[in-house]
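Both complexes shown next keep chain A, but they swap its partner, so chain B is in the first and chain C is in the second.
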Partner chain A sequence: MIISKKDVPAFLAGLMGEYRVFAPVKTDTYTGFQQISLGTEAVLDFSNTKIPPKGILFPQSEKLFTYSVAGETVKVEEVIDDAKSVVFGVRPCDAKSIALLDNVFDNDKYQDPYYLTRRANTVLVGIGCNEPASTCFCTSVGCSPFDTTGLDLLLVDTGDAFVVEAVTDKGKAIVTTAGFAPASDADQAAAANAKAAAAVTCKVNTDGLKEKLDVNFYDGIWDLIHEKCLGCGACTYSCPTCHCFDIVDDAVGTDGCRIRNWDSCMFPLFTLHGSGHNPRTSGKERYRNRVMHKFKYFVDNFDAVACVGCGRCINNCPVNLDIREVLADIRGSEARLDK
Partner chain B sequence: MDNFTSKIQDAAKKLLADNTVDTFIGYAGGSLPLRSTPCFVRTPADTAKLIWDISCENNLANFIRKKNQKIGVVAKGCDTRSIVALIKENQIDRDKLYIIGVPCTGMVDRNKVEQLLDGKELLEATREGHTLVLKGKGFSKAADIADLLHNSCLACGYPNPVIFDEMLGEPVTPKGNGTFADVAGMEAKSTQERRSFFTGQFSKCIRCYACRNACPMCYCEECFVDCSAPEWIGKTIDPQDSMLFQIGRVFHLAGRCVDCGACERACPMGIDLTLINRKMVKDVKELFGAEAGVSLDDKAALDTFTPDDPQPFLVKE
Partner chain C sequence: MMKNPYLPLPMKMVKNFTETEDKLIHTFTMEFLNESDEKSFPYLPGQFAEVCVFGKGEAPFGIASAPTEPGFLKFSVAKVGVVSTAMHMMEDGTMIGVRGPLGNSYPIDRLKGKNTVVIGGGFAFTTLRSLATYILHPDNRGDFGNLTVIYGARNPGLLLYQDELKEWETRSDIDLVCTIDRPVDGWTGKVGFVPTITKEAAPPADENTLAIICGPPVMIKFTMPVLEELGYKPEQIIMSLENRMKCGIGMCGRCNVGGKYVCKDGPVFTRAELSKLPNEY
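Now for the complex of A and B:
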């Protein structure tokens, strides 16, 4: 199937009756996912968005339930968002990250109704990456510029049009309703060429990294690696796989609500116990946790690294603390492949 | 400007070799074009990593507070103002600090470069005199460096270190004229226009606190936004909460902000933080004739009181 680029706004507008439509939108200083009300708002010529689309399924701040107290009775109302959504323009790395987040919010110990309801009602329409950025290293962490993991539809840019691949039944349903034209052999060949030409030039060697992290919790390298880190959350909040959260109550008088906010292991409040004790007292322990969580704990728990190589933490860090260099330093400086 | 690289390396090498300092903090080349990165050097041999160019934008004063060792540091005008303010607040022991002063002609704002390239990825940047040649896939664009500097650098009145043990070059002429034209422009707007401008800016905020953490003067053991009992401020990304956070920060920095612009440079979302901070800098200067971190000899604005201090914000006089 194929859709001409000039028909994309009409396609998106057509979805709006049934779905909320989210797409990359250009603001004055960056491109980010937003709910759109006009098909023309979606930008098609972007690299990675500033902030990943994970917030559509796992919002930075979300109300879990509201409560009100009257005398002896408490009224609690859960807030479950079950509106149907389409997210258009998801990059394969970000879609892969959502597949990774599924492990966290849906496992044998816990099923998160807030996330899972949104996930079930959301269709992810991806656009493959013909020109991965210089900071993209997806192929080093089990992803690729046209990976369909987590996606319902994949669009392959062939210049004036997108060749459409339906990945799931949810995706097929969208395609059937939209009535895309079939792609010719020439279109298919153009899509195959685009896929073949897409080159991820940045490579990060992760050989032996997990084995090293398994034993180096007390290694002296952690004293040095975090040294320039400011302890802000620019990396974790722009990371598509970071998923730690904090739960707070917001109440006035007898009425209130419980809110779940993104948390960051870089913050002093993270894992601060009620007793006042914090097992992660300084930037050293916090930065170590970030690396360990992505490249060891997540691997132990779910057999995958919690990094999709999108490069956002590299681009957004105010002090250029580059995860590629950090990993190389952990493995041993001779292993640094990309500078 | 770039010839400071070898001077910094030589100076750092000498300081480490004769044990004047235990650690030397400067800049190393970064992993991206137009990026440098703070660098901690502990051996004379490692001084080869040190560089100086138009990307040395981080305020290194952030890294020298409460250190129990002798530190050497590379400092621009704004960095030295932070150092002065921190010494006065008893956060830095002057006797354990060796300052290599570098006169600064301004640092390049990557957001301005990004705007200029309109979304195309920058892969290489080379300096040719006053021109910066920006290259990427299928393009090469020359731009005047003066057009790409941070706003804080364009308004800077103190490009030359105000305190140093060693100065590596001749003083340069300040770019800023001290008029606060940017703030005056905002003051001239109606309350509604100002509210709409700042709401727009703070709706971009993701509460990552890069601004706060990049600020050498924001060193509270517990920031008011991190306090959970009582919770002074909402932790959501409601623009009103984010605005309140910034307003609180500005007030905590009254008479202390040295106008270095580190907050705005650190912001990953490109929020205009200079205006709101410079408004306070302007007020403190106009009302009390005080500028933070300019001299070790004067008293900080919050450290003095005279019965005739103007207080037009308190009662009608």
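Now for the complex of A and C:
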């Protein structure tokens, strides 16, 4: 199937009756996902968004429930968002990150109804990456510019049109309703060419990385690599796989609501006990935890690296702490096995 | 419809009891407002719950009551933060919330038929009380072997559950050893730190014995070599960890020790399990 680029606004507008439509929108300073009300708001020529679309499923701030207490009556009302959504223009790395987050929010014991309800009601329409950015390293972490993991539809840019691949039944349903034209052999060939030509030039060697992290928790390397980190949390806020959150109350008296907000493992208060004890006292422990979580703990728990190579942490770091260099340093370090 | 693990069940705080003479620990007895909610809260000793103060927030506490005590939940809480301070100031009869039970429990099935030595220090005796109460219940007592409880505090006034300790002292099916750090007039129990008393009072380990230990880090640190000396293998030493938590269900990311979440995979771990994790707790 194929859709001409000039027909994209009409396609998106057609979805708006049934779905909320989110798409990359250009603002003065950056490109980011927003809910759109006109098909023409979506931009098609973007490398990747400043902030991942993760927040559409797991908002930066969301109300979990409201409560009120009157005498001996306690009223608790959950606030579940069950509206249907289409997210248009998701890059394959970001789609893969959502597939990774599914492991967290639907774990071996508990299901998060907020995330999972949105996830079930959301169609992810991806656009493959013909021209990956210089900071992209998806192919080094098990992803690729046309990976369909997590996506419902994948669009392949062939110049004036997108060749459409339906990945899931949810995607097929959208395509059927939209009535896309079939792609000709020439279109398919153009799509195949685009895929073949897309080159991720940046390669990060991860051979033996996990094995190294399995034994280097007490290695001296951690004293060094965190040193220029400011602990600002920009990497965690722009990371598509970071899922840490805080839970707070907003209330007047005993009536109010419980809210969850994105949080960051880079902040000292994140792990501070009521007693004053803090298991991760300095930037060293916090940075180590971030790297370990992405490249060891997540692998141990879910058999996948919690990094999709989007490069946002590299682009957004104010001190150019580059995860690609950090991984290289770790691989080159001498392991010291203490336990 | 999936169960929402974030929603608190409404309860009434029926008793706010000042547990220790320094007034820092209060014990709260809470009753479910709805019978069906109590049924949806089946728990075992060692589990914890998020207690919700409406208007302030929620915080995780070990459950101090035992499943053999239907009708209420008990939590012994130190006054350290926003939620615990609000609890300390709460009047009896205030509405409160709870969600859980969360985490794993002490390994009840493994303890059956075995001798158990429970070692506790200070105010970390809450879930240990739950365990001892559970074992001592007439319906359960026959399932377990000898029960030794070694419990220490700085001084007598800081021991929790003093009425119950007195009652346990009179029983023949529990060997209770209480100790305080320094001599105090009128004290008839032991004097000395928990590790020293453990050396004297704990049964030597055989295959049929398990040690359950919960207390301040310094107590744990010095009791470990004693248990080793007594022959307890890492698999026979069971510990309960604490870390800062928010969600309690393995999602919010802060209570991990290595790849394990204290909330979801713990809080109860054997020493053998902990030795495989980084020393970051």
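Descriptive notes on the structure:
By definition in this document, the second predicted complex is superposed on the first by the 332 of 339 C-alpha atoms of A that agree within 3 Å, B and C clash if a C-alpha of one lies under 4 Å from a C-alpha of the other, contacts with A are read in each partner's own complex, and residues count from 1 in each chain.
The definition used in the following text is that a contact is a pair of C-beta atoms (placed from the backbone, for glycine too) under 8 Å apart; a residue touches a chain by one contact, two chains touch by 3 or more.
Here the structure is a predicted model, which means the values were calculated and not measured.
In the overlay built on the shared chain, the residue A:Lys50 is in contact with chain B alone; chain C does not reach it.
By the document's definition of touching, of the two partners only chain B reaches A:Pro318; chain C does not.
Once chain A of one complex is fitted onto chain A of the other, the partner contacts of A:Asp246 extend to both chain B and chain C. Look at A:Asn301: by the touch rule set out above, it reaches chain C but stays clear of chain B. In the superposed pair of complexes, A:Thr27 makes contact with chain B only, with no contact to chain C. Of the two partner chains placed by superposition, only chain B is touched by A:Glu227; chain C is not.
When both complexes are overlaid on chain A, the residue A:His273 reaches chain C alone and has no touch with chain B. Comparing the two interfaces of chain A, the one with chain B and the one with chain C have residues 246, 248, 339 in common. The part of chain A that touches chain B in the complex is made up of residues 27-31, 45-47, 50-51, 60-61, 131, 133-135, 224, 227-228, 230-234, 236-238, 246, 248, 250, 259, 261, 264, 267-269, 314-316, 318-322, 324-325, 339. Of all the residues in chain C, the ones that touch chain A in their complex are 2-8, 10, 12, 33, 54-59, 78, 80-81, 84, 95, 97, 217, 242-244, 246-247, 249-259, 264, 275-276, 278-281. Those residues of chain A whose C-beta lies close enough to touch chain C in the complex are 64-65, 67, 69, 72, 74, 76, 78, 104-105, 107-113, 116, 217-218, 243-249, 251-256, 258, 260, 263, 265, 270-275, 277, 279-280, 285, 289, 292-293, 296-298, 300-301, 339. Contacts from chain B toward chain A in the complex involve residues 30-32, 35-40, 58, 62-63, 111, 119, 121, 123, 137, 204, 206-210, 212-214, 222, 226, 228, 231, 234-238, 265-271.
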